[in-house]
Amino acid sequence: MFKAIVSAETFQEVLGSVEALVEECKIHLDEDGISIRAVDPANVGMVDVHLAAEAFDMYEADGGLIGVNLVRLSDIAGMASSGDVIELELDESTGKLHIQLDGLEYTLALIDPDSIRQEPDIPDLDLPAHIVIEGRDLSRGVTAADMVSDHIALGVDDEAETFYIDAEGDTDDVHLALGRDQLIDLRAGDAHSLFSLEYLKDMNGAIDADAEVALELGEEYPVTIRFQLANGHGDVTYMLAPRIQNN
Amino acid sequence: MFKAIVSAETFQEVLGSVEALVEECKIHLDEDGISIRAVDPANVGMVDVHLAAEAFDMYEADGGLIGVNLVRLSDIAGMASSGDVIELELDESTGKLHIQLDGLEYTLALIDPDSIRQEPDIPDLDLPAHIVIEGRDLSRGVTAADMVSDHIALGVDDEAETFYIDAEGDTDDVHLALGRDQLIDLRAGDAHSLFSLEYLKDMNGAIDADAEVALELGEEYPVTIRFQLANGHGDVTYMLAPRIQNN
Amino acid sequence: MFKAIVSAETFQEVLGSVEALVEECKIHLDEDGISIRAVDPANVGMVDVHLAAEAFDMYEADGGLIGVNLVRLSDIAGMASSGDVIELELDESTGKLHIQLDGLEYTLALIDPDSIRQEPDIPDLDLPAHIVIEGRDLSRGVTAADMVSDHIALGVDDEAETFYIDAEGDTDDVHLALGRDQLIDLRAGDAHSLFSLEYLKDMNGAIDADAEVALELGEEYPVTIRFQLANGHGDVTYMLAPRIQNN
């Protein structure tokens, strides 16, 4: 059993954060909210999203698991106007999800969850550097890096107490360094890792400019990227594997 | 003889409504206003537009007939800024239409009307169901249907007193039902017909979100779609032939 | 030595005016400001830009010459938000230009000036007709002309005291005539020349709608197009060679 009413904006944000990595996903419909975990086909990027029951206007579920075409579901949610709510109801007899928005009923065929790539185990890494940064600043660095390279280094300069974004192209370089006063928070620690810009761009695209984004970094370790949705009733964690540095 | 001044916005709306179906058309320049009737090459969609002399700031005509390249004429009218007027004058000696807007003079070569597809006779059908709906609601249904299918059913549920839009895709369905309170008017009667979404999308594109759109429907009959322009001094009627239902 | 701080908007305008013609250029870093002169590969259009030291928030230079990839530099400047300033500093030891905007450091590899097309000598023509026109009016004529043709005539009707833009297509024509009252200034004189619309469109794209644009025209002579930037502390001159009229 699953029946819920949620603001279109919140639902769009949840779907968008997962769509950054995959086109299909499993959604857990638990008593305390919905959860999605997914990993991209190359096993480079993972996402873990939870939207608590409190984020919904109405929420009833008892622990089901459904598979959905995210692109399709996202298109439907995208038809909502700002301020609209979306009503979701699972019809277990037909295996379809009924979606209502502003009088419009959409019947979405579900996908057999077993046919969808297995959900990843997201490792709990104890990484040395913690940074909290505004979404717009992360975005600025990612966009600039994209002008010169297809990979990007994220790191912390322990002495200077700065978080930095570096990209080295064939001829040109980009460097963004943010000190304590330009960050929301910084727990310095040696950290420097190289990442695929393609993945980071997609993840960054799902992050609001106003969001507080928590990064955890190490030396050639994955980065975790966390931010909240729906006034704190939802949270998204991305994990992105490092690229091997070829110095 | 033909000489007229009209608001750019009104003229753009008239041209746009015809451009939804054809690229060239004949325009009747009658004493009481201009009229255009056209049918698409596949004989599926027809349009009948009349813009009364009262819709113009100045209007003088004595019954001519011209052929125009609608795409070209629409591009010219599209150069006008909001609030501009367009001056039109036919030069019968050269067979050209002079178009002035904001100091710009455009000389448009006309097309021999005999070389343009014949104007359709638009049948006067006495259809059982009459619906008056806001442009934005029709648009919402058409856009949603387009996500799942290339055809769309329009119908009236006589008992429930609702107008509905249905689209059935290979896996997903869309359904929009609007009751009396969500419609501007409804004269219920058994009606259900299937239409090509491609045509309906083009017609819908010419209809303002704020427009009152009058639909007439029957059982596997064409739909007529009527709306007004220029504060009621202009009106557009589309007629769209039904698709054969393959149940 | 070169070190400067300039408003992002001004810098973008300077780069954009040159980018209308070439992708690489030499920049003279003189004591009194920067200068760029360039000619397109076909030797049809030239540009001469000067931005005075007064246009900068800070300016120090002693006469260097650098070669830059304009497209790249323009992309970087384009990352600035409205109101941002851009800091430029030449590192002569590495031959790189350091560009800072809002904390972001961009290191741009320079191009050997000798590998860039030679700067043109811009002839000082004493042309009979002088017109000063608003950017938006020039733009309107260019856009309309583009609908019918790939060349455009600019001229002055000495008797009628009008500046005109003419374009003759295979079937349709465009004519824009502006009298004294619609121009900012006019010194009439016989003038009529035909130009490639492709070039004029690119030049026009770099001119603000609000700009006062000074044109000088003759009989089958090049046109010079001048406008100012940065509150009069910068100026741009385009010169466009006429096309041979094939009457």
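Lettered A, B and C in written order, each chain numbered from 1.
Everything that follows uses one rule, which is that contacts are C-beta pairs under 8 Å (C-beta built on N, C-alpha and C of every residue); 3 or more make two chains touch, one makes a residue touch a chain.
What you see is a predicted model, and the numbers here were worked out from it, not measured in a lab.
J.: Tell me whether chain A and chain C, two copies of the same sequence, contact each other through the same residue numbers or different ones, using over half shared as the line for same.
T.: Counting which numbers both chains contribute, under half are shared, so the two copies meet through different residues.
J.: How big is the rotation, 0 to 180°, that puts the C-alpha atoms of chain B on those of chain C, in steps of 5?
T.: Superposing the C-alpha atoms of chain B on chain C needs a rotation of 120 degrees.
J.: Approximately how many whole Å separate the CA-defined centres of chain A and chain C?
T.: 44
J.: Among the residues of chain A, pick out those that touch two or more other chains and give their numbers.
T.: Counting only residues that touch two or more other chains, chain A contributes none.
J.: Would you tell me which residues of chain B are touching chain C in their complex?
T.: Counting only chain B, the residues touching chain C are 72, 75-76, 79, 102-109.
J.: Which positions of chain A touch chain C when the two form their complex?
T.: 137, 140-141, 143-144, 147, 171-178, 182
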